[in-house]
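As written, the chain order gives the labels A, B, C and D, with residue 1 at the start of each chain.
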Amino acid sequence: MSATEPVRVAVIGTGMIGQDHIRRLSTVLSGARVVAVNDVDPARSAEVAAGVGATPYASGEEAIAATDVDAVVVTSWGGSHEQYVVASIAAGKPVFCEKPLADTVEACTRILGAEVAHGSRLVQVGFMRRYDPAYRAMKEVVDSGRIGDPLIMHCGHRNPSVPGYYTKESAIVDTAVHEIDLVRWLFGEEIAAVRVLTPRKSKNGGELQDPLLVLFEMAGGAIVDVEVSVNIRYGYDIRGEIVGEDGTVSLADSGPVTVRHNGSYSGRVPADWRERFIRAYDIELQEWVDGVAAGQPAAGPSSWDGCAAQAVADAGLAALASAERVVVTLPERPALYA
Amino acid sequence: MSATEPVRVAVIGTGMIGQDHIRRLSTVLSGARVVAVNDVDPARSAEVAAGVGATPYASGEEAIAATDVDAVVVTSWGGSHEQYVVASIAAGKPVFCEKPLADTVEACTRILGAEVAHGSRLVQVGFMRRYDPAYRAMKEVVDSGRIGDPLIMHCGHRNPSVPGYYTKESAIVDTAVHEIDLVRWLFGEEIAAVRVLTPRKSKNGGELQDPLLVLFEMAGGAIVDVEVSVNIRYGYDIRGEIVGEDGTVSLADSGPVTVRHNGSYSGRVPADWRERFIRAYDIELQEWVDGVAAGQPAAGPSSWDGCAAQAVADAGLAALASAERVVVTLPERPALYA
Amino acid sequence: MSATEPVRVAVIGTGMIGQDHIRRLSTVLSGARVVAVNDVDPARSAEVAAGVGATPYASGEEAIAATDVDAVVVTSWGGSHEQYVVASIAAGKPVFCEKPLADTVEACTRILGAEVAHGSRLVQVGFMRRYDPAYRAMKEVVDSGRIGDPLIMHCGHRNPSVPGYYTKESAIVDTAVHEIDLVRWLFGEEIAAVRVLTPRKSKNGGELQDPLLVLFEMAGGAIVDVEVSVNIRYGYDIRGEIVGEDGTVSLADSGPVTVRHNGSYSGRVPADWRERFIRAYDIELQEWVDGVAAGQPAAGPSSWDGCAAQAVADAGLAALASAERVVVTLPERPALYA
Amino acid sequence: MSATEPVRVAVIGTGMIGQDHIRRLSTVLSGARVVAVNDVDPARSAEVAAGVGATPYASGEEAIAATDVDAVVVTSWGGSHEQYVVASIAAGKPVFCEKPLADTVEACTRILGAEVAHGSRLVQVGFMRRYDPAYRAMKEVVDSGRIGDPLIMHCGHRNPSVPGYYTKESAIVDTAVHEIDLVRWLFGEEIAAVRVLTPRKSKNGGELQDPLLVLFEMAGGAIVDVEVSVNIRYGYDIRGEIVGEDGTVSLADSGPVTVRHNGSYSGRVPADWRERFIRAYDIELQEWVDGVAAGQPAAGPSSWDGCAAQAVADAGLAALASAERVVVTLPERPALYA
């Protein structure tokens, strides 16, 4: 138990997710304070900063460099992540970067280079599912050996609907990317190859190729199937079962109460990702703040994880385009991420 | 409500499943009596016949032809099914044939020819899962339109262990064949192509390629994945979820009671196929007996279903051997089976 | 395995439950045939008899005495049970009597006397819940000692609605009577005292005192609470949990499939007692038929069970009327029922 | 979204629960800081204060009066609650008091008097279950009218074991007191009378009268049964079902994952109250801090709730001692708590 001074955070990018993290750091979590803000839209930056008594900066780099800033949260658009993460590393400041780490494997590799040159982990990537209590319980069961070695995993990623700008590719880079990171973490190994099968289209998705069945081959030979159904109407439903040699572990239905009414007993499916994963976001950022306050190297998803996810997503896009099995090409993994 | 005279049944083949059906017809179901028996082993035939007051016959053909025999149950080895089914058709007697209908598509086609020549359905194939109350409830939900058109189905076929004679091919022809018939029935359409993926092997299966991930493409574009895990130790567990456009329907865990003990709440997984599907077998044969007694044409899985299952299993074997996608080649479907 | 001649049954009383048992014996179960029928309404008796090729008799006694009758099923109105059961005992024929065994403890005691004089058990009372697979699994867990000695049981007996002739007293003698027999069987001991609490009335029950909370003290000190809610609209829902020293066992929700739709996952609650307990009725009567065919004494709920249930129901009525704790007065239990 | 200055809290009493709240305020919640501490043991007070950079005070009254203290948390022993709560009211400072509010109804009434004299609500009592997400979901269902008016509630309060100092009376004042507050809140009405039934004792409880069945009559006529089983070994299991006119709502089993292993599917039961209710404690205190920061009157369980719980607990003790129905005697409710 300790009461240290709050970690002073700069937030770069004040769109929806940026504002949500500012709210979280200011009014939900313990031990942090947002002191600096930047956005491409200076008016929005000023307004958001005023709301929490922070200073708006004309550029992300200035916010990062400010002497009263201890750590950085990057929530700008994906194409700009590299520059702010690299600037944070250059400043020697811990940086939490929302996914993707960067928008190409090459950009990710440059970040790896910068961090390796720095000599210790400063970067954490926002794969928040690793902080979901249910997935953590699942990993605990797998790691306990109770169900034997994992051989297969079945995943379902279901959204009630998606916005108009959601494309065929979004299903890989915005949706399945969560499972990409997750299965690497759960299995403790890399994804070696990807296939994408395209079932009959749902009437709810219009022209969109929805659903998909994405298949991962893990480096050790396990296979993962991921159903991506993003217009399934009934709710935001994340399913998962790891099949081991001697048993399985699966995500349980999570409704807190059972209602008996009108011929059935029923529980609630979350309405959206917010309802389903809000605790994961809170835990993720609280643990990051605690680690920063304690002066520890970043312990969550690393630059390497961000880079590998990008490489698998690239393979996934190629697999989707070609309808073929595509082997994942990974850069060499620096020893820092062993 | 009626009390007709019992249907008099000849049973050809008195191995394990044959004896089980004799027990069922004699002591569980209503309206049937086993009056004739044949087996390749005359001693066994005589002994089993004596147990139920039936007549043992030297050949299956003689049993089928006996004037006091109304209907036939074929439970001999697969290679002999064709001859007894054809003999039953020739005698104009309803015949219930355990799967497979015959051991090649050609043999099945000959049966189709004989039945078509007869002019009405006499043959029912023993795909008992269609009679399982849970699968029936699943089909009812799909057919109601409540979850929209079905796009994907996830299946799991898990055995605690398999006998020593179980081979790599058994996983297709003895295990996945149940899902082959089932998804044709649930979706109301044919399987167009098959892929088989081979994950890392379970330590429990020795040299056996276990588990498998079998993928079916339905004629209308839906995709089915079937996990076949036949050495998973924890129980006999049949899983299934149909993913529609607006919702899903899945087999529920079926333990009749929940025990709270030692840190957990838990329900029972069936120990074996008998425990899981005994009701399906009872219902299947009772409905068959009732139909025969009422003089109705066979209403259950048809010769065509048996033939199509054989063709898909052949494609599955080719897919397993080649690791490629294999298109299913079906003979033309006679109008009798429309 | 054996194929004996069918047990020839006389059915006395051809109202709803009588016709249902005739259907069951004729078209569902193995090894029985209805050969004799009697009803207070000769026309109905004749019609029902014709439907199954049985002989209609002018009196129950004649049907019972008929030389081609092996065993008797009594499904007439409660007030006439005693005379037919006693007549069956006098004829030395096994008799299955729907609950109640008789409508007073005195009448039950006369039946006990007759059976004791006969010297072996001929009577079985139709408490079908003992044959429900879920309750059997519950009893198995209790008897295994796994949850320790049972200390408390919570029961819920919920009907969607009741007919107009259902009275305040019906809640005890028609509804809670099922739990009366059940807990005597599950705990293996008598009920010593009864209390009835009367909560606020449901709007759905009009003037009826609905729901009730009935409390049983078992002879060994365990306590059972029974919620009786007979106008709860949502379904026919039978709940139960036995609380032992080290754990509990409860009836699980029994829907065969889970539907994910419109914001929830849900399973089906049975619509009525028929849907919930049809299997229990089938198993109950099949086991009775099998026992009769094997020449064994009755093994199901005995005359003593019927008598004790009546005594507890009497105490329940007194408790309901007085709002006091009422001690159950049991006659002495003859050694035949030890 | 706002970033106000932290609420500065004095914590009176630094035993287990006091230290836990200090940890919570310092390292889990947002917007609070512990600045003052007092304990009957000055050494412990000094040590705990040092851990969070707070000032240790020689008396609770001094801590409460300190000019840099905005609000007070009382976690001292029950007998001292009155004096610190009254001192806080006198200082016009918001005070969060762990249950019980005071150890007699008379003491509670004096607190009511002081708060009424102050003119607005300053006191919140630590009935944390009202903040449990599952109970909140339950209340939402009840309040929605979806299941009709509530008529009955079944509760189970199960502990794996209790410490040596736990007495017969503890079952009422430490255990069932949670349900006392809870059902008042869920039903929105007072408890009018109490009965306590004493089943056969569990071998696990030694001489202790365990389990109990506590029965509440609500002012409006609904009835609540509470099973108190505090040595049930298998886990910390809180059960609850509200039975309405048209349906019911119950606490669902809450294990985040389902494990299939060794013949069963299973989920985890919490090991202790900490695991079960840690979120409720966090939410409870965060909402209290937020309310204090916003200058709002206390919105959680009030002095009146604390007083009424005490009166019901007194009735419960009398009912336990007498085995009779005991009517609850409540003081008049001041208008402040309408």
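Here is the rule we go by: a residue touches a chain if its C-beta (ideal position, glycine included) is under 8 Å from a C-beta of that chain, and two chains touch if they have at least 3 such contacts.
It should be emphasised that the depicted structure is a prediction, and the values quoted were computed from it without experimental measurement.
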Next on the checklist: By that same contact rule, can you tell me which chains touch chain C and chain D alike?
Outcome noted: A, B
Item to check | Which of B-D and A-D has more C-beta contact pairs | outcome: A-D
Checklist outcome for this item: For the pair chain A and chain B, the C-alpha centroid-to-centroid distance in angstrom is 45
Next on the checklist: Averaging over Cα atoms per chain, report the distance between chain B and chain D in Å.
Outcome noted: 58
Item to check | Intercentroid distance (Cα basis), chain D paired with chain A, Å | outcome: 37
Checklist entry - Which chain C residues touch at least two other chains? => result 233-234, 246-248, 255, 260-262, 267-268
Next on the checklist: Please output the residues of chain D touching chain B within their complex, sorted ascending.
Outcome noted: 233-235, 237, 253, 255, 260-269, 271
Item to check | Complex interface listing, chain A residues touching chain D | outcome: 1-3, 19, 22-23, 26-31, 33-34, 51-54, 133-134, 137-138, 141, 146-147, 246-252, 254-262, 267-268, 286, 290
Checklist outcome for this item: Seen from chain C, its contact residues with chain D in the complex are 148-149, 151-152, 154, 156, 197, 199-204, 211, 213, 215, 220-223, 225, 227, 229, 231-234, 243, 245-248
